[in-house]
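Common to both upcoming complexes is chain A, partnered first by chain B, then by chain C.
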Partner chain A sequence: MNTLTARAGTSVSNLTRARMPMVATTVLLIVTVTAAATLQGNFFTPYGMTANFATILPIATVAVAQTIIVLSGGIDLSIGTIVTLSSVVTVRLMDGGDPSQVPLALAAGLATGAACGLFNGLLVAVLRLQPIVATFATSFVFGGVALLVLSSPGGTVPAVLTGGYRQVFAYLVPVPALLLLVLWLAWRLLRAQRIGQYLYAVGGNAGASYASAVPVTWVRVFAYTAGGTVAALAGVALLANSGSGDPFIGNELTLGSIAALVIGGTRLRGGAGGAGGSILGAIILTLIQNLVFFAGVPTNARELVNGAIIIIAIALAGLLTARSERAGRSEGRTA
Partner chain B sequence: MSAPQTSTPTSSPIADRLRRAARDPVVVSGIAALALWVVAAIVSPAFASWSQILTLLMLASFLGVIAIGQTLVIIAGGEGIDLSVGAVATLAAIIGSRYMDGSNENLLLAVVLALGAAAIVGVINGVGILMFRVPPLVMTLGMIAVVYGFIRLYTGGRPAGSAAPALRTLVTGDTVAGIPGVLWLWLALSVLVIWLLRRTSYGWRLYAVGGNPNAAYLSGVNTKAVKLSAYVLSSVFAGVGGLLLLGYTQTVFLRLADPYMLPSVAATVVGGTALIGGVGGYLGTIIGAILLTVLDSFLRILQLGGGAGDAPRQIIYGLVLLVVLSAYGRQRRLRQ
Partner chain C sequence: MSSRPRWHDFSALAAGALLIGATACSTPDSGGGDGADGAAEGPFTIGLSNGFIGSEWREQMLATLEEAVGEYQAQDIVDELVVESADVDVNGQIQQIRNLINSGVDAIIVNPNSPTALDQVFAEADDQGILVLAIDQAVTSESVTNVVIDQGEWAAANAQWLADEVGEGGTIIAVNGIDGHPANEARWAGATEVFDSAGVEVVANDFAQWDQATGQQVTQNLLASHPDVDGIFVQDGMALGAFQALESEGKVGDVAITGEARVGFMKRWAEQREEDAEYSSIGVPNPPAGSVSALHVAVRMLQGQEFTSDALDGNTLYLPIPETVTDDNFDEQFGAVEGEPDTYAVDGSLTPEEADAYFQ
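After this line comes the complex of A and B, so read on.
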């Protein structure tokens, strides 16, 4: 009985500790949403919601992809070029506007993303290259192949996709928001599986996981492959949003995905955090950019203000995460 | 089990030394660079000419100088990395060109202001990383946006001025013993940095902090001061690299030094400085910078694909980088 109550006690303190980064993220979210709603007049209208979520969905999806990889202890600097490559493959295959080709094109796009992820995963897990430099090198490869597939912006996306992307349900629920919800549910499903637990275990302590018979190598390969596949989804979302292909469409998303993940409370070293936070991080990041625009900051100062706010947001989130981690460590020592 | 493997009694000391050399990143990169250069010279004989070699080394010197700071930051450990070097180099070049404005009068002031601005970025990086505990990758990534934002505000989108004639002659013209001044400068800086890392107590403290921060702290090393100095030096050397680049291009544009950001990390890692910290040195980075520059120039000379533009060059650059990295840039096995 005693051990049972003791265990309940620690699990409660575990819970509050795990929630600390979430608190920081939630506070930031409330602040940005309130500011956006006051400054952006049409925020809570079907048009405003669609416009916001249409920009949020691609960056949030890439952030989720990056989160899966970072949780397992890796990082993917090529993720933006994976988005680009899978989107240009998709747009090349469905060019011509024939709706019957859409499923095949989407499948090919996803397969491209998965193949890129698998390539990264094998380099990092089997060849044991350092993730930062290995994925930096593959970003040249993927970016180059994307240029071979589609050398200049062009190609048309069938109206099925672009039209569907702009639909709004129940007055305020646009399709991209629903897709975001589906993405989050899929993440919860993955997390509940054994492989989801393995991601955290390997990212937290690869050596201990190995000693506990966790297939570390394959968990890492899985993380990169899954990340690549999810990144391909972001490529499709970008296509549906813009309506045409572009051989540089996703390259800028790599930095945004890492910023969103850190704001969302995922530890860059791996093993702690989650995709839910990263989605919130992506929302915060996009809203900050909108805010700087709507607050009437002069054009030439916008980039500076935007960058400074993002750094401050990351520093605030990081400060709270570090506090809770330090508290956790000292507690562990006394126990 | 975990004891280092000693040579088997049958192997001779020479074979043993060869085997060790084959595992030394500096040797491997040096051989790779030389092999690549030989292939390039066979394909295009102009590659072997003395003037072409000097041009190659000159191009490598910009990357090499920018990568000095990168090497220091990575050695200092704690997941240390400085992705803002490209942006800082551009900032220094833009400030420098505005104050030089094509004359030698304000050269000193321009250099001081440019490097001062670079140092400020380094201090901000260090404060964010050490006091606010932002991961270095994220902090320096975020600073890229801030620095480019500042550049946009400062220039209004149209950078002004041009390089001072003295700077121009230092980089491209003035030759001592037939070698451009910028190469002498790179040589001097290299000797200085290698001496700093190997022979001074600062160098020892840097390796100590990178290798085991707790042990260094308990031995009385001010770990935060050492790391802060690494980030400030990184920005200052990036600024020096940006000014040299200004002397080469003579006018500036908004993303001047952007292509040097990740190659500075790649050159450092290819040269055997491990991202875990505490291991490596600047000699390897020099070789790494030369290797990457030879590779890049060779692929440009080949003019692959013609109509497809940059694509095949990019792909091959990435694949060669992977091959070089897999030669030795690998992490330890889980089961030792």
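After this line comes the complex of A and C, so read on.
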């Protein structure tokens, strides 16, 4: 806990309430995993686990990227197109299947994501544009550049990536699940740094943070840049998942990332929540989509049922978040 | 920062892990269909993955398939059709196909959103012993048998009619689908080949996303900048729009236009024929019931039948294109579909007997 929230954090009753979103998320996770394991006959098989985690990793990674930005009080509607742009840059550079190209291509993809994030950060923090409008506009810029880089679907991802992505350790631990764990540990590392504290402080109360000598502008620029970089990682995951480039591949992930972080208990106004919850939120979101299929809901009704269940999930997480906020207004939580 | 352990974070993960751990050893069966090892008895479960909805063409593709599955169900050859159909991007379709794999189907018929980006998940299906057939659009994966019409041949038939109409030295404008879309590229390659050899000049080429309203707009713009053209090459799904643009310019009889084998366009064509007996157009069908042809092929492959040596071109089975709607057979063709909605496409599929001919 930082200095702003130290007092609130010591109260036992607040402590209990502060965990409510996490409780909601955990309950949802247990329910969806149990239902999925019941309805999907091969859930706990090497292929069943690989298939699910391979689907979950990209959306979970974008959700983490969005979480970093939302925690700082911003939002990034261009994040899906950042995923797309960095993935097409990567696939263009690694096309041809030469494994020696892979490190350079990955570095270029990450640099692209970071540059896009930095651009957003400067617009929002330095030029003071409204995040929703500014990133909505840059989504067209990034999406447009992606079309220039790769005008039609194509390009081959080296087998070292696509094959590695589908490996399974110890019978039931697929590589995407391990990567998800690494992502979460990296978040915990960031969270423990001073900059991690600043994210919560700026998102919770920018004015008070400024008064407390927190470099607010710099923290916001950092949040967007870090978010862009993590989004580029999601682009790599998508490439490994599909094995080919596509100039629209990540665009639809934006709204999914926001839904996942809300289910995970992150407050959309910033300052409360965390990437751990968002990862669980992404798992829940993906499993819900699968459940609707495995439950045998008729095709034309699936979207409706899927949407209704997601609303319930968000409402559950949201109600509990709101309750804990009333209890401890300025408290920053971590997850 | 305090040293309070954030045990609640870990408790969430631990709860999930415990749950996973507790049930891990109870269901170690591997997934996939039971038709994995060559010839099988059946009944077979067929999966369908469709990544684009809200188009009548796709509805027709689904409806005809469901009907054909019903016939196989009556013979106990197929027990179920599992449908995954929604507006999804490539990621969503990968998830669709994984769901079909995990539900234990024996074969997957897929209308792919991408010619390349589903290859890895097709390989996953192959590894699980599941047959995959692509319809409407061919994919590059070697794990897949494409059952499609030759889009180049489709476009060439249209282009040949137009080239005959405008004659050598004639000029045309083109209204194509989506720039870079594989089906669009294959069609345009087939059409330009015909135009080049016939000495027809393409003075402008634009894209209208296979959408009637956009097609009308794009045609209007092209006509404004090229008022003296002799003909319009327009792909299906946009021909009615292009025709309306021509109509608002008052040039219907003067500028030749490729039509489409859909009821909406054919109605206008019929009206035009009544006004002007000389009016000519063409409609080359792009049959939605390719799904049915693929079903016939899938069932025979699941039964362990082998293709004849000349059935496939690489991993693609090219279907015959149903009879073209021409000035000569218009009355008969239109009469057969007149009662259908405007968006209905003239259709046709392999019969089971015709499908048998592709196998030894």
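Before moving on, here are some points about what is shown:
Just so it is clear, the second predicted complex is superposed on the first by the 315 of 335 C-alpha atoms of A that agree within 3 Å, B and C clash if a C-alpha of one lies under 4 Å from a C-alpha of the other, contacts with A are read in each partner's own complex, and residues count from 1 in each chain.
Here is the rule we go by: a contact is a pair of C-beta atoms (placed from the backbone, for glycine too) under 8 Å apart; a residue touches a chain by one contact, two chains touch by 3 or more.
Every value quoted in this text rests on a predicted model; they were computed, and no experiment measured them.
Once chain A of one complex is fitted onto chain A of the other, the partner contacts of A:T61 are absent, as it touches neither chain B nor chain C.
In the overlay built on the shared chain, the residue A:S151 is in contact with chain B and with chain C.
Applying the stated contact rule after C-alpha superposition, one finds that A:L172 touches chain C and leaves chain B untouched. Contacts of A:G41 after superposition: chain C is touched, whereas chain B is not reached.
Between chain B and chain C, it is C that contacts the larger number of residues in chain A.
When both complexes are overlaid on chain A, the residue A:S72 reaches neither chain B nor chain C. When both complexes are overlaid on chain A, the residue A:E303 reaches chain B and chain C alike. Legend: residue contacts after superposition of the two complexes on their common chain; A:T229 is shown touching neither chain B nor chain C. Judged by the document's definition of touching, chain A residues 151, 302-303 lie at the interface with chain B and also at the interface with chain C. Considering their complex, residues 1-2, 6, 9, 19, 22-23, 25-26, 29-30, 33-34, 37, 40-48, 51-52, 54-55, 58-59, 151-156, 162, 166, 172, 184, 192, 197, 238, 241-246, 248-249, 251-253, 274, 276-277, 280, 283, 286, 289-290, 293-294, 299, 302-303, 334-335 of chain A touch chain C. Residue ranges of chain B in contact with chain A, taken from their complex: 79, 81, 128, 132-135, 137-139, 141-146, 148-150, 152-153, 156-157, 262, 265-266, 269, 274-275, 307-315, 317-319, 321-322, 325-326, 329-335.
Considering their complex, residues 1-2, 4, 6, 8-9, 11-13, 15-16, 19-20, 23-24, 26-32, 83-86, 89-92, 94-95, 98-99, 101-104, 114-121, 124, 127-128, 179-182, 185 of chain C touch chain A. Listing the residues of chain A that touch chain B in their complex gives 75, 77, 123, 127-130, 132-134, 136-141, 143-145, 147-148, 151, 206-207, 210, 216, 255, 258-259, 262, 268-269, 300-308, 310-311, 314-315, 318-319, 321-322.
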